[in-house]
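Consider the two complexes below, in which subunit A is the common component and subunit B and subunit C are the respective partners.
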Partner chain A sequence: MTTSTEPLASRQGAPRTTPRRRVRGTPLTWVRRGGLANLLFLLPLLGIFGVFSWGPIVESVIISLQHTNFVVTTWSDPIWSNFEFVFRDPTFWLAVRNTGYFALLALIFGYPVPIVLAVIMSEVKRFKGLFSVLAYLPVVVLPVVSVLLWKNVFYDAGATGVFNIILSWFHIPAQPWIQSTATAMPSLVLEATWAAAGGTIIIYLAALTNVPPELYDAAEVDGAGIWQKLWHVTLPQLRGIMLVTFILQIIGTSQVFLEPYLFTQGGPVQSTTTIMLLIFQYAFQSSDGGSNLGVATALSLMLAAFLAVFSAVYFRVTRSWSQN
Partner chain B sequence: MKSPRRSIILAVAGVAAAGMALSGCSAGGSTSNGKTEIVVASVQPGASAESLAAFQTQVKTFQKANPDIIVRGEEYDWTGPTFAAQLAGGTLPDEFGVPFTDSKTLASNGELADLTPYISKLSYYKKFNPNVIDVAKDSKGHVYGIPFSPYAMSISYNRDDFTKAGLDPNKPPTTWDEVESDAKAISAALPGVAGYMQMTSGNTGGWELTSASYTRGGRLETTAGNGKVTVDTDIPAVKDSLAYLAKIRWTDNAAGSNFILDWNGMNAAFGSGKVAMYMSGSDVIGALVQNDAVDPSNYGVTTIPLESDSKAGVLSGGTVAVANAKDNPAQLAAVTKWIDFYYGQPAIDKASAVTQAKALQASKQVVGAPSIPLFDAATADLARSWIAPYATPGLLDNVKPFTSTIGKQPIVPEPSRHTQDLYAALDSVVQAVLTQENPDVDSLLKAVNVKIQALIDADSDQAALK
Partner chain C sequence: MTATPIVSPENVVLGQEPGRSVRGAASLRRRMARRDKESGLDRGIVSATEWRTPRVRFPLATVQLILLILLVICGLLPILWLMKSAFTPTQDTLTQPLAIFPHGATLSNITAAFGINIKIQSYFLNTIWVAAGAWVVQIVVATTGGYALSILRPKYGKIVSGLVIATLFLPAIVLLIPLYLTILHPLVIGSSLLNTFWAVWLPSGASAFNVVLVMRFFDSLPREIFEAAETDGAGPFRLFWSIVLPMSKPVIGVVTVFAIINTWKDFLWPNLVLPGGTDPSSIQPLSVRLPAIQGTTEFGPFLASLAIATLIPIIMFLVFQRTFLNGGGFGGAVKG
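And then the complex of A and B:
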């Protein structure tokens, strides 16, 4: 403990009493200036991140260049062969297309829903808490439970499926839902939107409470109607939040795994095989008890690199928008 | 392929089990008082309390006879997703079961412990049916475990549904045509119930398509004289099997309305009455009772129909009891004793068979699930006669359609190379015929050939390099 308290004391006292002394470079001055204390405070963080984040990242780069089943490990020959395998696999391009399709559908249908609901809910004067609870409830339900519920009760393709019963009230024929290549992916997006909307709604609601009421008053004085207020006041005020939720949604949907894994295992006929599911299949559903781990890791790195570049470009492009 | 897997529940349970293991519940070893402690796979995750109780009774009996060994049970079900990670993390049990589909590959990869010095000393080692013990050996002939509960593919059916549809549950179908007509009758009489269905996902679609193709004389992998393995799924037997399934789905409308069914999903659908008849392993009743609340008196099983083709046969599989590759010699010796006690003796020793049957009976577990002979038919018949008094009521009668005819069916092992990859690739083809009216089956099967052949050829290239 003496080592940690001493530099602390020196940090609090010494620099103030001896300002701008031009001594630099020696380890002793580094210690006197509190370098050691800083390091000590940093150590737990460095340890945790090192062991649980950076270590695995470095390890995964190494594994992506190997053939391994955790018992027998050899370097790939040629060294990039795992990456080459991914690019040559027709399922990879299918998975890219499917993931893109999921992200697009989620963007078109899933992205506006929380904004619209949040705006409506912020306008509601009575039972506001009740609506918030109802909107947030799906987030509280365990994801696995909600997927199994949707799969076996709502999406049952027979005449007894809940959604098909509802459709029959309107004389609409029973739909195959997750049992058809055409409707499987939209069905997954529908459930994913339901499951995730609540969390985003809460974020928007919080942002909406920060919109100064004077702006609405001023707009009203200027003769603005409800749509004009929405377009000229509400949405511009939400812009910063919307930019962040947009990129979070893109990252989230690019990594979609739970829905395709639990609902369809990538079927029917690979119509819902996403990149994350393909990574899982490479790693764990091959014949060799996981000797495709290298390929799986290679694809993981490719996905991570793509998302990192995408995020960097996105923030660069939108920097001016969010600052205004 | 025994318990084609990867269902959510098992995955979740697997993770939970891994978590438990991480928190210090696993990894046996030597204790301070000189005893050897081993962790053995007990029951499947999610199994009932009664089945765990039956297991504990067995443990007590074993420890009485082996006071220097401490046995701890852990719920475990072998799955590809958890195996490699648990092995690397040191959280695998010391003893566990691996499906026939994977045992040879894992043994050859060095992922299982070599038990040759221990198992070769067992009295019945030389009595094993050579084709059966072969699944527990690696390419050099070393033995990694002993096979147990070998099964043949069969047709499981709901006896009540047969009665309700005006069919005789004691006369299940014996040809594929009869399966179709019975399925039609059931679906017509019971709307919403699939008369006949096969599994389609988690590699089980390919597993059952392969089985159906075997019954029509097809072989999906062939080995040439020089050892080169060729994959060919674009063959009449496979196409006929797919066309048959498509006819039940689209023409007869007797396949129900849910077509994404893995092993657990199908068993659950059968248990909840949504499927009346399906292709299954002959020993599935144990799992159906443990996990899906199926009443054994309402359960029927019969042999899978074989076409007249001279090569027609029934696909077989099973489980190999193996040991953790990281165990020390003392643990390996203890594990072998346990495997001998739990899996070996009941097949050859009357007292052991009766003790085990009594324990299962006392805890309301299935006694008398049909399987195929581990040694020879006479030994199997004898073992069956020992446990007959304790068999689950009605079950021996209900499984007669299977047990009375399985002896006449030629047994064919599963494809040997990249089996899971082959099955996974075929899943999509099975799903295509069930979810699309006119899929291009030829090109789908050709694509499977190209994909799997490339994997097999890559292995040969690597072997040549070594």
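And then the complex of A and C:
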């Protein structure tokens, strides 16, 4: 295990155990020394990455500067006009707000829940496995199935919708769920949290089993109670993984697509149009009938750039927190 | 997809030493777990002494019981409801969704799901095709590429692995539109790959995560073995096929689990490149087909289809629990 956790860079920098003679020669000596075999083994990777990863990355920069539908392609004039279009589009600002709202709600509901549940679950003495299986079940369900089930059954806004029936037991009036601008986004977040919490719980459970028991023993010797151990041992030990799940959640929620696309198609009155949905609409469902691939690509580059800058700043700022 | 590797590689190779068989590692882990339990090494926040005092034990046990009930309500009941509705006539589900078989159960929803209008069995077959092909492409690219980059190590290898790792940090959405155009007008082949499984299979191979995972594993293999094989006259192909591949079963297993879970769950990309044409049920996988039929299908059979699509992964999950709970959790965590 020690070798496999060794960082990649140091391993690559390690001296070659069998130094080969560096003699410049003809193509034939290159083949004999295994140059052709090396290339043959790299071929699938180079081909697939070239066509489906590196090529498209370069292409996306080009497309963002062009005016393209699927037939005719011209350079934009002025060259940044796709980006300008995005900034002038009121829907873009709405989508930014909606995506921010989704991310914020998901953070408030979804971020602390797995931590609390995992801490409680890790103290369970018997049937520990049962707890994690139950928590993980929603993650196993096909995401599309969860959304369709919640949309058609639980979020049914009529009196016979499952959630509305349950609310009526407590004498709470029926809610419109995904059919009103006020409740649509929280409803989406509720389902997304339900669908994703199990996976995060499992990560925290793994992190909790890695807390060295000696730390608890030592804290007890110093006279710490349960809450003090939780506050001074457990949570600091989880800090590293909490920082990572935080940024992963931000990256994930700012690219949310499935829920708004399948639940509401961005409605009602664009109250759940997120950035990803807007990219999709620019590219494939433009209101003027045509598709605007250049604008869509410009927006996806902007989102990617934002996430890159955000992550870089985040890791720089939090680097000192996770070390002490 | 973007940031998965931040957490994954260390955790994913499940603490196994390379070359040790999976079964051997599992039994070792069990033995170690038992030993830990006996010596109290697996303790958590609450110590054994504290657990014995009623002042601690009673509230803690109550909290745990409440949590168990909550988990049953949130995790199990929705799925049980779906299973129940598969056997409930449409009218009963619509009027009394929480009643249990008010007018008896029926099998007609299930037969309708397999019938001429829904054909759920062919969606399943498509899903299996999509996953199988994506798996083959991913395994070929990751193992050959990983072998070349971390065992053969040509001079330009560092540049290539640098380029691969660089794509790890790029959100997948940047690629959405150029990738779609690539599928529409592929190089060399000429004709569009739209509505063919290749449109899902080939791009799935460009997974930097897989390549990094395999490279890390190969880096950890003892190089003496390769040197011995070279001395015995094995060429690079023989070395790959007879020595490296048989040794890399654990990492191939991990890549397989991720490949299957990811293709099984994916919606946006297959929905885009497999629009269906005249007979969508012959090409679209479950994740694409189920949303497509929701408007045109009677409610009972539709819920039965959802139930059938849920049952199979749940059975797989219960059978391969350990694998899922040890490593598979990362796929879900990234979606947020």
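One rule holds in what follows: the second predicted complex is superposed on the first by the 269 of 324 C-alpha atoms of A that agree within 3 Å, B and C clash if a C-alpha of one lies under 4 Å from a C-alpha of the other, contacts with A are read in each partner's own complex, and residues count from 1 in each chain.
As a working rule, a residue touches a chain if its C-beta (ideal position, glycine included) is under 8 Å from a C-beta of that chain, and two chains touch if they have at least 3 such contacts.
Please read all numbers here as calculations on a predicted model, not as lab measurements.
S.K.: Once the shared chain is lined up, is A:Q270 touching subunit B (first), subunit C (second), both, or neither of them?
M.R.: First partner only, subunit B.
S.K.: Of the partners subunit B and subunit C, which touch A:P176 in the superposed model: first, second, both, neither?
M.R.: first
S.K.: Between subunit B and subunit C, which makes contact with more of the residues in subunit A?
M.R.: Between subunit B and subunit C, C touches the greater number of residues in subunit A.
S.K.: Looking at the overlay, does A:A159 come into contact with subunit B only (first), subunit C only (second), both, or neither?
M.R.: First partner only.
S.K.: On the A-aligned overlay, A:L293 touches which partner chain: subunit B = first, subunit C = second, or both, or neither?
M.R.: Touch partners of A:L293: subunit B and subunit C.
S.K.: Given the touch rule stated above, what does A:I120 touch, subunit B (first), subunit C (second), both, or neither?
M.R.: After superposing on A, A:I120 lies in contact with subunit C but is clear of subunit B.
S.K.: Tell me which partner A:V144 touches in the superposition: subunit B (first), subunit C (second), both or neither.
M.R.: both
S.K.: Return first, second, both or neither, reflecting whether A:D222 touches subunit B, subunit C, both chains, or no partner chain.
M.R.: Neither partner.
S.K.: Thinking of the overlay built on chain A, is A:L262 touched by subunit B (first), by subunit C (second), by both, or by neither?
M.R.: both
S.K.: Considering only the touch criterion stated at the top, classify A:Q285 as touching first (subunit B), second (subunit C), both, or neither.
M.R.: Touch status of A:Q285: first partner only.
S.K.: Touching subunit B and also subunit C: which subunit A residues?
M.R.: 70, 144, 148, 160-161, 261-262, 280, 283-284, 293
S.K.: With touch defined as at the start, can you tell me which subunit B residues reach subunit A in the complex?
M.R.: On the subunit B side, the touching residues are 6, 8, 12, 79-81, 83-85, 87-88, 102, 105-106, 109-111, 191-192, 200-203, 256-260, 262, 325, 417-422, 424, 427-428, 431-432, 434-436, 439, 447, 455.
S.K.: For subunit C, which residues count as touching subunit A in their complex?
M.R.: 2-3, 6-7, 10-11, 13, 15-18, 40-47, 50-51, 56, 60, 63-64, 67-68, 71-72, 74-76, 78-79, 81-82, 85, 94-98, 137, 140-141, 144-145, 147-150, 152-154, 157-158, 160-161, 163-165, 167, 169-182, 184, 186-187, 202-203, 205-206, 208, 211-212, 215-217, 219-220, 223, 227, 230, 235-237, 240, 264-265, 267-268, 272, 286-287, 290-291, 294, 299, 302-303, 306, 309-310, 313-314, 317-318, 321, 324-326, 329-336
S.K.: Spell out the residues on subunit A that touch subunit B in their complex, using ranges where they run on.
M.R.: It is residues 69-72, 90, 144, 148, 156-161, 174, 176, 178-181, 261-270, 280-281, 283-291, 293 of subunit A that touch subunit B.
S.K.: Can you check the complex and tell me which residues of subunit A touch subunit C?
M.R.: 1, 3-6, 8, 11-12, 16-18, 34-35, 37-39, 41-46, 48-49, 51-57, 59-60, 63, 70, 106, 110, 117, 119-125, 129-145, 147-149, 152-154, 160-162, 165, 192, 194-196, 198-200, 202-203, 206, 208-209, 211, 213, 216, 220, 226, 229-230, 233-234, 241, 244-245, 247-253, 255-258, 261-262, 276, 279-280, 283-284, 293, 296-297, 300-301, 303-304, 307-308, 311
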